[in-house]
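Letters A, B, C and D name the chains as they come in the text, with residue numbers starting at 1 for each one.
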Amino acid sequence: MSDTRPDLGIGMVGYAFMGAAHSQAWRTAPAFFDLPVTPRLSAICGRDEAAASDVARRFGWESVETDWRALLTRDDIDVIDICTPGHTHAEIAIAALEAGKHVLCEKPLANTVEEAEAMADAAAAAAERGVRAMCGFTYRRTPAVAFARQLVASGRIGTIRHVRGQYLQDWLADEDAPLSWRLDKSLAGSGALGDIGAHIIDMAQFVSGDAIASVNGLMQTFVPTRPVGGDHATLGGTSSSATERGPVTVDDAAAFTARFVGGAIGVFEATRFATGRKNALRLEINGTLGSLAFDFEDMNVLELFDATEDPSVAGFRRILVTEPTHPYIAAWWPPGHGLGYEHGFTHQVVDLVTDIAKGADPTPSFADGLAVQRVLAAVEASAVDGTTHQIGATA
Amino acid sequence: MSDTRPDLGIGMVGYAFMGAAHSQAWRTAPAFFDLPVTPRLSAICGRDEAAASDVARRFGWESVETDWRALLTRDDIDVIDICTPGHTHAEIAIAALEAGKHVLCEKPLANTVEEAEAMADAAAAAAERGVRAMCGFTYRRTPAVAFARQLVASGRIGTIRHVRGQYLQDWLADEDAPLSWRLDKSLAGSGALGDIGAHIIDMAQFVSGDAIASVNGLMQTFVPTRPVGGDHATLGGTSSSATERGPVTVDDAAAFTARFVGGAIGVFEATRFATGRKNALRLEINGTLGSLAFDFEDMNVLELFDATEDPSVAGFRRILVTEPTHPYIAAWWPPGHGLGYEHGFTHQVVDLVTDIAKGADPTPSFADGLAVQRVLAAVEASAVDGTTHQIGATA
Amino acid sequence: MSDTRPDLGIGMVGYAFMGAAHSQAWRTAPAFFDLPVTPRLSAICGRDEAAASDVARRFGWESVETDWRALLTRDDIDVIDICTPGHTHAEIAIAALEAGKHVLCEKPLANTVEEAEAMADAAAAAAERGVRAMCGFTYRRTPAVAFARQLVASGRIGTIRHVRGQYLQDWLADEDAPLSWRLDKSLAGSGALGDIGAHIIDMAQFVSGDAIASVNGLMQTFVPTRPVGGDHATLGGTSSSATERGPVTVDDAAAFTARFVGGAIGVFEATRFATGRKNALRLEINGTLGSLAFDFEDMNVLELFDATEDPSVAGFRRILVTEPTHPYIAAWWPPGHGLGYEHGFTHQVVDLVTDIAKGADPTPSFADGLAVQRVLAAVEASAVDGTTHQIGATA
Amino acid sequence: MSDTRPDLGIGMVGYAFMGAAHSQAWRTAPAFFDLPVTPRLSAICGRDEAAASDVARRFGWESVETDWRALLTRDDIDVIDICTPGHTHAEIAIAALEAGKHVLCEKPLANTVEEAEAMADAAAAAAERGVRAMCGFTYRRTPAVAFARQLVASGRIGTIRHVRGQYLQDWLADEDAPLSWRLDKSLAGSGALGDIGAHIIDMAQFVSGDAIASVNGLMQTFVPTRPVGGDHATLGGTSSSATERGPVTVDDAAAFTARFVGGAIGVFEATRFATGRKNALRLEINGTLGSLAFDFEDMNVLELFDATEDPSVAGFRRILVTEPTHPYIAAWWPPGHGLGYEHGFTHQVVDLVTDIAKGADPTPSFADGLAVQRVLAAVEASAVDGTTHQIGATA
């Protein structure tokens, strides 16, 4: 079935967890949304050709590359979608932007502030040439979160006093869960703070429309050594029988207080040790006129308290964010028919493609990604010296 | 990217709400699940060729037909997927089965017991020739519901005493919502009872593993006339400015008590007038050893009470049905990353395709669909004469 | 410390569970509320003088009687508070009213419609002489329930379409729980229907402001025989080691559909077999402009949905009914400091005493109690013959 | 009605909010619990004799004093119950203990660490003479909280990793709420931190069975001036029409991270600006084997996650802490019939009286109160200098 809309060639680097989420998004977006251009799954790139080919077959990628540099030279590719680990982001993204390719880069933007700064600079330079860059803080595209932002922006909850952010998981609570590359600072850069703390920092700054000005935090590694998994790379969260244990060099958990530029105070926590909490990405904001509360474990719901009402009938409302008037929902199902985790990736594609087509800079920008990186670095520095750190251009 | 697995050609009839859900399911299933055969989106059929072509383009259907009979003669089509309104099901399904095509038929199986009986007979005859038929009560494939069935079947909650089923929506609560074909008995057959009551009846019988033996019910049309929408067929739930009103000839709500073959008693309710309830498909089952509770508005959760525990620590548990050990979940995302409404359709495809490949009869069968139809008919009869009706082979 | 307000002498018959609740209410009411008269705990009456004396000492009753008739002849007693089992209510209440004593009578008003009619007649006759009678459906005095009534009466949820009432407990789910007098029809009159179903019927009629017009129901005894407890009358819910079993002659559970005079339809259920539900007295009402939901297991909360709001921000609100603007709350604690089960009894005393002082007829009246009795009788009759029964003056 | 048990004479200082709660507790405890001695409401003391007399009449205090010193010389008084503001605690408590009277002192123990140290010293000295002292952190006596402590102590949740404490209220969110003495540091000593933060610190240390070792925090006054109420002392939370504004000299909110001696990390927050949160005293503890969560706005519930269960059926359980096996509950009502705010005060009386009778030192001790005071002081110091402070004997 032909279509007169122009194609937008996509080249994706990476094919694991994020690769599946992105692949499904690229092909689902044009099915449910009326896009100005049609994404074409041109090429997927992975060093393991067999594995990449399997993903290509499953999702319909037209070709497979084994070197990401090859994507940059192909004329049929307009967008580079970076789904690889954080330490590779800077090199790929900067090269792609310089090659004139739009870039969608998974979070965290980079493993260090320095890399993130270089990437933000590259994105700024590219933007002047009409080349776009977006950082993949996809939780912003959960309809309840996007709607929360609309409510704050419209003044519905007034001046913000409190921001309360948590990202609670429990997959490391077992002390004999094996040592993985995610627990090696030389590869992962950071532990809970960078991996999941980054999400709640971005979400807090996005929904509040405000920026963190200073932080004071602590980090903790509860389990200093774990069984070496040997070559059982796929053991995941199951216990290893290995008796040898190696060192965990990242944080298991982090917590910090914060002050926002606008005067609000914040409390943040990220951990992989909160037994029973599976993906509790939670944000509560208290303003002078009302409050909002969100928990990703109940992702189709936003709670709203309206302090301007008669106190007799005021109460936190459990809004099912599934009405056609809510962000992104009109493209999907009737009220009460909830969306799932991967829908956020589809919405990300919709927004990116729309911005590219109309020549607008998408958000979150690389500068937004850098802002998160600076907060992460300040928390780490604070955890070392026990003092309060300001967030600045040089962190 | 090539694949050595055989194709299974799909021909889908219908292209609206259910058409989109099914289309997405057909192409998503092989991406996330390892299927024994690969569904191929061979043809979509709709009388409105332009509209059908648009859906074909969006989801990747290879061809378009305007007469469903054409699908039956194509050798490249193995499965007929019926997504049209209920009054068309019997003719298409029976013809397809007789033509040797496997059939997936949306619920309700038919608009009358007589049609459903003919379909069940046709399915039984086809099964002897290795041709399979499934009725699309897709809520069975919600992981929390499938898991609830596993728990009951394993004896976890003991002997069932109570079944409490509700399907509550509110899109007709506005008395000036326009008259649509869904409110015309000659076209829709039934109102809330057949449209959504059918779901909760099937879910109750499926999860309990028991059958309703008798019912006693009432039906109510709260708003006997509504504004005639004229040719504004797409007005949907918005108020019409028309002053002319036409008669509503179906039920706005239905309620009934029931006795199950196994001795449990049940209470059921279906309505489009429960203000604030958007898609509250709820089931609670109390057994001698425990209880289960489910609400589709929180679809990734199953509540379980274990009555064998120390009373001091017993309580309804909010199980996030997102663990890899839960039905269907291993193919998707990590714990706490919830699924959405349309995932049930993908699971339906997975189960149907798997059964076809291994020569097994899928469930829910057409006989299951007929069983629901008989309950619906008995409730209607009871609502007329005010007496209790047994569910039998002749309703 | 002296007080110039006149005393109101109370004589209470009964001293068990309800006796404790009422005793605490009589002496707590004047401490927290400014009453026009001061209740004086003049006499408690029980056939077991030692047991009654113990309760008297604990709560401050001034004297003990062993024959309720003695209370009727005492000039220092103005109110007879009847806390004995249902089969004794009619005789005591009628005699007390004829003796010119105000009467507070525990629910159910009586064990039969005939007794209830005689009591309502006696109350009507007494009212003409300024003697007052109240039936103790104390759940009406839960602040959240009283507030729900205010909201319905003010038109906040519009015309009522649905009433959904449940009273779910689980203390008989164990098949070896011993046979008690509560399971003997000759003593208890009824099982779950009369004991707890009565509460949800009264609450539904009270909050809706409407009356049940007809019912169609079923009743079920799941466990037909139970261990005879012998003289172990206090075994309660624990398992008996006795091998002899005796017959259960009342219902374990009851369910019925209903039509209200005003056009709403209702679904009701009462059971002692809902594993995990301890005291789930639940009411949900859906109206054209909104909905209300209440569950006694979360008794300080009323949920409200306002259908007149922008759908984007509409949702069920969890109202903490602990504001000074809520019924009865100003006498107690600051917002968020919840009340408990027995506070309803204190509120009952407040309202009764206030009505007596100002010469008004309190509610629920004996006529209200009779109305509940008629519904119970109609459900029982319906359960026998399987047909719909109208609620009338003669049931 | 006579009783052979000895009396225990109570003399209470103060008669406002806490006075009512304590009065009701003193007379309710012996009604529902079998106490070894019988509290006798001997004297209430207040400088406003009329007001004190009114409370005396309502609750049955036998006499009224206007100088607390008079209570110390009365032989019929055994216990001094201090319900006055914090700055008066040290003088009264120390004098009472030296006079040989047992002391129950409301929280916070004092306004400064120095006062608290003197009080703890006095209590230690008195204990050697058999004179007892208890600090009134009454939330410990909420059954769900007491049960949480039992579960932690029994090892049910393993080694504690995370403590998450919040005390959220909103009664100062209105910027025009009037200036009260509570917002004047010279009188109140502290704002949200000392008033409500003290509760969550004590609860966290009590339930965890661990002590806070260091803190790093911030404090914030969002509204620096408020309308001077003039002599409208009773305006409370309503807006004042006064145009003159005076300075708020205490914190509106405080937040801090903490490390516990046992290795857990904590995050704490106290505020009167969390719009919609009325009395959200919340504690969540994550251990290696499970988690607990409590919120006083749903005070009859404790949530428990058991990480040792099969992940398929694991989930946070909503335990109704109303079973006879739960702390304090056997004296009250059947399961599911919840308790309210003031029941904690009754339980406090039960425990204090029992300890006095058996010659045991009650908890929380004055030393426990001092420990809280030291944490409060360390948070304040940290908020000033932005560095981490250890909790030590000298704060």
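Keep this in mind: a residue touches a chain if its C-beta (ideal position, glycine included) is under 8 Å from a C-beta of that chain, and two chains touch if they have at least 3 such contacts.
No experiment lies behind these values; they were computed from the predicted model shown.
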Topological distance between chain B and chain D, in contact steps: 1
Winner on C-beta contact pairs when A-B is weighed against A-C: A-B
Separation of chain A from chain B, taking each centre as the mean of its C-alpha atoms, in whole Å: 35
Approximate Å spacing (C-alpha centroids) for the pair chain B, chain C: 42
Whole-Å gap between the CA centroids of chain A and chain C: 54
Residues of chain B whose C-beta touches two or more other chains: 277, 314-316, 320, 335
Chain-level touch network, classified as line, ring, star, complete or other: complete
Of chain B, residues touching chain C in the complex: 157, 161-162, 164, 166, 168, 170, 173, 175, 216-218, 220, 222, 253, 255-257, 259, 263, 265-267, 269, 271, 273-277, 286-291, 305, 307, 314-316, 386-388
Partner chain D, residues of chain B touching it in the complex: 147, 151, 303-304, 306, 310-320, 323, 325-326, 335
Complex contact set, residues of chain C against chain D: 1-3, 17, 20-21, 23-24, 27-28, 30-32, 53, 56-59, 61, 64, 169, 171, 277-280, 296-300, 320, 322, 332-343
